[in-house]
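Every chain is named by a letter (A, B, C and D) in the order it is written, and numbering of its residues begins at 1.
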Amino acid sequence: MTVILGQTFTGISIGAVLLLIALGLSLTFGQMNVINMAHGEFIMAGAYTTYVLQKSISSAGISLLVALPVAFLVSGALGALLEWLLIRRLYLRPLDTLLVTWGVSLMLQQLARDLFGAPNVQTRAPDILTGNITLIGGDDPLTVANSRLFILGLAVAAVVALSLTLRLTPLGRRIRAVVQNRDLAEVSGISTSTVDRTAFFIGSGLAGVAGVALTLVGPIGPTMGTNVIIDAFLVIVVGGIGQLKGTVIVAFALGVLQSVLEYSTTVSVAKVLVLVGIVAFLQWRPQGLYTLRTRSLA
Amino acid sequence: MNLLKSRSARAAAGFVGAAVVLFAVAPLVLSDFRLGLLAKYLCVAMVAVGICLAWGRGGLLTLGQGVFFGLGGYAMAMHLKIADAGPGNLPDFMQLYGTATELPWWWQPFANPVFALAATFLLPMAVAALLGSFIFRRRVKGAYFAILSQALAAAFAIWLIGQQATTGGTNGLTDIQGFFGYALDDPVNQRTVYFIIAAVLLLLIALARQLIQSRYGELLVAVRDSEERVRFLGYDPANVKLVAYVVAAGMAGLAGALFVPAVGIISPALIGIVPSIEFVIGAAVGGRASLVGAVLGAIAVAWAKTALSEEFPAAWTYFQGLLFIVALAFLPGGLASLATVVRRRRAAAAAEKKAAVIPVGEAA
Amino acid sequence: MSSLPHIHRRRFLAGTASLAAVVALSACGAKTDAAGSSDKAAKIDVSGDTVKVGLLNSLSGTMAISEVTVRNSLMLAVDEINASGGVLGKKIKPISEDGASDWPTFAEKATKLIKEDGVAATFGCWTSASRKAVKPVFEKNRSLLFYPVQYEGLEESPYIFYTGATTNQQIVPALDYLKSQGLKKLYLVGSDYVFPRTANKEIRAYAKANGMTILGEDYAPLGSTEFSTIANKVKASKADAVFNTLNGDSNVAFFKEYKSAGLTAKSMPVVSVSIAEEEVKSIGTQYLDGQLTAWNYYQTTPGAANEKFVKAYKAKYGQDKPTSDPMEAAYVSVYLWKAMVEKAKSFDPEKVKAASDGITFDAPEGKVTVDGASQHIYKTARIGKVGSDGLIEQVWDSGKPIKPDPYLKGYSWASGLS
Amino acid sequence: MTGLEIRQLRVSFDGFTAVDGVDLDVRPGDLRFLIGPNGAGKTTLVDAVTGLVKAAGSVRFGGEELLGRSVHRIARAGIGRTFQTATVFEELTVLQNLDIAAGAGRSMWTMLRRRKGVPEPVAKAMETVGLTDLADSPAGTLAHGQKQWLEIGMLLVQDVRLLLLDEPVAGMSHDERQATGSLLERISAERTVVVIEHDMDFMRSFARSVSVLHAGKVLSEGTVAEVQADPKVQEVYLGHTAAEATADVAVREA
C-alpha cells in the first residue's frame, strides 16, 4: 500500500517537473506553433542564473526566491531576442524553426561551456528544501521531499498565473486573438509582431523559472536542456496543441505512468514503454487529448 | 519536349561527371584516411536522398531516420560479427558481457549473408511500412509527425542500450574485422568498400530521380502542397506518403549497412535524436527539394563538421550552429536555391511572379 | 602544408594505389585469413624538432563535463615536459581533437591523428564505449593509446596503456572495505552501460563468496536525471550501503534525491566509484557530506609530487579548480610515455612497448610502476570520505600498490565471470 | 434517374449546430445555386457531402449512400468539389495538375513511370476551360480566374457527375464571370452542378434553380424569381445579416 501511494506521489512530483518544463512550450509551441529546440537551453539559462545569483547572495533561500523572477526575465529576454532575430522570419515554416533553433541550441550550449566551464556547477538549496515530510510514519514510512512539494507548488502557481494571464488580461486576449486569426487581429489594430514577441517572452521566461526549479533536483550544466526537451514536447503533443488543461493532465499522467513502470520494471524499460505508449496513444487520438475543433481546422 | 530532352541530357552529363569525380578524381587526390571519411559522408548522403524524397518532395519531416539507419547498420554488423567470430563461436562482446552460451534466436538468421543483406533494407522498409500505415492513416502530420519520429528514435536507442548482453549496449557493435571474407584493415579492401558505397549512392540517386520525375513524383508534390485537395481527387494521400516514407527508410537502412564496413562500428549514438536531426539538416542546408542539393548538402555539412572540428576543436559547434541558422533561416530552399535566387534577381525586371517557397524544378 | 613536389608524389602514389584497387576489385583483395601479413604500422612524424602527440577528449556533448578536465591535465603535463626540454630532445606538439561524446567520432579522430598527423602516441578517451570504438583503430595502425580512466577490466589491448584503475584496484578494495566495516547488505545503482553492468556482475560474485547480499540492482540510462523511484526503492530495501556506479549528470540528480528521501551517509552510506573532486564540486557537499568514494588518488593525497601537481594545476587553471583521480592518471600517463620513450630511445611504438615493463614514476598518487605484461600500472587503492569543505579525505588505503589484474585471474570467486 | 438526395442532414461542432435537418434534391443536369447569409451552413453542407465533416442523416447520389465513407472514396464515387480559395497545386504545371486529377485509377506501374505525351481527357479538359496555351506554366503563376478554371478542369478530367463549387467567381472580373458562367452552363448539360454563391447578379444570370439556406435549414427553394419573391428570404437578407456574421465568428472560436 505504501508503495502504491509512494509511487503515486513520486509520479506526481515527476509530473510537476514535466509540467514546469513543458509549460512555456504550451505557449510557444502550443499557441504559436513554433518548435523551439532551444527551449531546453532557456531552462539552462534559468539554472545558471540561480548559480550566478548565489555568488552574490549568500543566503540560499533568498537567492532562490530572487532567482525566480530574475530567471524569468533572463530567459524571457533570450526568447524575445530569438524571436526578433530569427523566429519571426519563420512563422510560415514551423518545421524549419525546429532545425534553426537546433542550431541556436548548439551555440547556447557551447556558450555556457565557455562562460561557466564544461563541468556542471553547483547551487546550494535552502536547507528546508533538502528535507522531507512524513505522511505516514511507522516502519515503512511514506515521505515526500520538500523540494518536490516546492516544485509542485511552483508548477501550480505558474499554471494558474499563465491561465489567468491568457483569460483575463488584455494581453491574453490579444494573444488568443492572434492565435485564432492573425489577419483579423491585425486589421483590428493589434500589433501581431508585438504580441508574438510578448508571448515568446512569457513562454521562454517560464523555461527560466523551470530552470530555477531544476537546480533543486538535477544537475546544472551545459547539456541539461537536451535531457528534458523531448519529454517537454511530448507532453504538449499528447496533451493537445494549444490546450493548457491537456498539458497539465498529461504531465501528471505521464509522471505517474513513468514512476509506476519504473518501479515494476527498470528505468530504461519504463522510458521505452512510455515512449511507445505515447506513439500508440497518438494513433488513438492523433490530435492529442484535447483538440481545438473548429471549422477552420477541419 | 525539347526542354525535357535537354534536361535528361543534363542529368546524364551530371551522372557521368559525378561518377568521374567519385571513381577517378577522389581516389587520386585523397589520402586513404580522407577517402575513408568521404565514404562515410556518402553514406550520410544516401540518407539525404531518402530525406529529399520524403521531406523535400513529400513534406514528411522524418526526424527518425536514425532508426532506419540503425536497423540497416545493426543488420549488417550482426552478420559481420557472427562471421568474425567464426562458426560455433559467440561474438566477442557476448563472451565478455553476456550470459548466453549460444546466439540469441533473433541473431541466428543474420548468420546467413543473404538474409542479412536483404534485411539491411527490407527490415527498415517493413518497419516503416508498419509505422507509416498507422501514422498516415490517422493523419498524424507536421509537428506531430516530427516529434513522434523523435520519440521513436529515442525509444529505439534507449532499448538498444538496455540490451547490453545481446546488442552491445552503449558500445554498440565494434571492432568489425571482415566484410564478407575480406579483411577490412587492408587499405585495398577499404578502397573497394568506398567504391561500393559510391556506386550504391549513384544508384539510389538514379532511383530517386526516376521516382521524382514519374507521375508518382508529381502526385507526391501535390500531396505535400495540399493533402486535402489530393484526397478530393480520389487518391488516398496516406498511401502516397507511405511509399516515400518506406523508400526513404530503405535508403537509410542501406546507408547504415554500408556505414558499418566503412567506419567499423555501429552504435546507439548513431540512432538517437541528435544524429536523426543531423541527417535532416544536411539535406536542408543543401536544398531539401533538390536531389543534387540534398546530396551535396549532406556531404558538405558532414565535411564541414570534420573540417571545423579539426581546425577549432573547442569552438567548432559555434560555427556548426551558425551554419544551420544562416542556411535555414535565410535560404529556405537551401544552397540549391541560390542559383534560382540569382536567376530570379536577374529576371526581376520581368513580370511580377509569386515567389515559390521551395523550388521544385531542378531535380537531379 | 607540405611543399609542392611532396604533394605531387603523394597524388602519384595514391593514383597507383587507386589503379591497383581497380585491379584488386577483380582479384578481390586480401582475405580475412591473410590479414596482418603486410606491415601496416603507422608512420610517426619525427621530422623537425617536435614530436606530435594526440589529445583525444570530448570537448562538446554530454561527456565534456568530465573530459575537459582531463584535457587540462594532459596539457599541463605536456607544458611541463616541454619546459624541461621535451622528450628525446624534441618538444611535444599536442594535436587536439574533439571526440564530441560520440563513439564513431572518436574512431574517426583517432584515425586522423594516427594517419594524417603521424602522432607518436594518443592520450584520452573516457567512456568504455569510446575506448572500444578506438581500440581497433590503434591495433590496426599499431599506434599507442594512453587511457586514463578507471574501467571495467576484461581487456588487454597490446596497443593501449591503462593508467586508471582496473577493477581489482578500485572495486574489489572498496568491497573489502565495506566488508571490514560490517556493511554486508548492498544495493547496486548504476548507469546503463558496460562499466556498471560488468562491475555489478563482479560485485555479485564477490558478495556470493563473502557472505554479502545484494538487495537490488537498478540501472538508469546515461544522462538520466530522474531518480525519485530509484531512491524510493533503495530506501525501502533497508540496505546497509549503496554501491554507486552512476556516471556524469545522473550522480547529481541521484544524490539530491537521496538526501530528499531522508537517506544520509550515516543511515546508509553510498560508495561511489565515479565521483571525484570535480563531481563533488558540481553536486555540492550539502548532498555528499560524509559519503564514500573509491579511487587511487585524491587532491589531499600526501606527498611532494602531489603538492607540486596541485599547485601547478591551480596556477594554470584557477585556484578554485580541484584535481581528481582521472586527471592525475592522465597527467601520469604523459610522464610514463616520456619515460618509456627515453628508455627505448625511440618513438617507435613497438620499442616503446618493449621498454615499458618496470617503468616507474613518482606520481602524485605515489610511486607507480608499469606492468609490461598487462600494460596496466600498479596502483594503491584508497577509500575516501567527502568532507564538508568539498575535498575528499582518505579513510583507508591498501598499504601498497596493487598489481593490476584486469581479468581477475587471481581471485577464485571471479572464475566464472569471463 | 436520381441526382443528389439529402435527407435530414445534421452537423454540429461542440454543441453548435451548423446544419440542422436539411432536405435537398438536385436533379441531374441541374445548375443549382445555394445562397444564404454567412453562417447559414452552406459550406458545411458541402463539407458533409464530401466527407470532410461528420454528419447525421442521409446523403445519396445516384442512389448510393455517401455518409460514412472516407473522403477519397466519395471522390471516387464521382463527386468533386472546389474550395473558396482556389486550391490548385501551385508548384506543378497546368498539365501536371490535370494529369494528377485524371489519374486516381492508375496502376502502380503507370504511376512509377514518367508521363509520355498528353492524355486525351486532359487535352479535352484543357480545351474546355481554355488553358491549352498555358499547359506548361506552373499553376502558381496563373491569374485568379484561371486557377478557378483549372480547378473546374480538374473536376472534368475526373469525370465527376456531381460538381460542388464553393464561390467560384469570388474576386473575378466581369469578363471572367461571364466566361465562368457559360463554362458552368456547358458543363451542367451532362452533370449535376451545385454552386455556393454570394454574387446575386451572377446567380440571376446563370442559376437554373436556387436553394436559400438560413441558420442551418432550407428557407426557400425554387427558380430565381420564386425565391426572390419569398418574403422570408427578404427578411433574412435585410434583417439578420449582422447577427449571423457574429455567429460565424463564434463557430471559429468554439
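Here are a few things to note about the model shown:
Definition applied: a contact is a pair of C-beta atoms (placed from the backbone, for glycine too) under 8 Å apart; a residue touches a chain by one contact, two chains touch by 3 or more.
In this text, all values refer to a predicted model and were calculated from it rather than measured experimentally.
Between subunit A and subunit C, the least number of touching-chain steps is 1. Each chain gets a centre from its C-alpha atoms; the one nearest the centre of all protein C-alpha atoms is B. With B-D and B-C as the two chain pairs, more C-beta contacts join B-C.
Of all chains, the one whose Cα centroid sits at the greatest distance from that of subunit D is C. Here the spacing of subunit C and subunit D, counted between their Cα centres, is 72 Å.
With centres taken as mean Cα positions, subunit D sits 43 Å from subunit B.
Annotation: 34 Å between the Cα-based centres of subunit B and subunit C. Between the CA-based centres of subunit A and subunit B the separation comes to 32 Å, rounded to the whole angstrom.
Shared interface positions of subunit B, defined as residues touching 2 or more other chains, are 158, 161-162, 317.
Counting only residues that touch two or more partner chains, subunit C has 59-60, 192, 219, 221. In subunit D, the residues that touch at least two other chains are 52. Against subunit C, the residues of subunit B that register as touching in their complex are 24, 27-34, 36-37, 40, 95-97, 158, 161-162, 164, 169-172, 174-178, 181-183, 185-189, 191-192, 195, 263-265, 267, 269-270, 306, 309-310, 313-314, 316-317.
Those residues of subunit A lying in contact with subunit C across their complex are 3, 6-7, 10, 13-14, 17, 109-110, 113, 117-125, 130-132, 140, 143, 145-148, 216-224, 226-228, 258-259, 262-263, 266-268, 271.
Those residues of subunit B whose C-beta lies close enough to touch subunit D in the complex are 210-211, 213-216, 218-219, 221-222, 225-226, 228-237, 353-354, 356, 358, 360. On the side of subunit C, the complex with subunit B involves touching residues 10-11, 14-15, 17-18, 20-21, 24-25, 28-32, 34-36, 38, 40, 59-60, 96-98, 100, 102-104, 107-109, 111-112, 115-116, 127-129, 132-133, 135-137, 140, 154, 192-194, 197-198, 219, 221-222, 418. For subunit A in complex with subunit B, the touching residues are 29, 33, 35, 86, 89-90, 92-96, 98-100, 102-107, 109-111, 114, 230, 233-234, 237, 241, 266, 268-269, 271-272, 275-276, 278-279, 282-283, 286-287.
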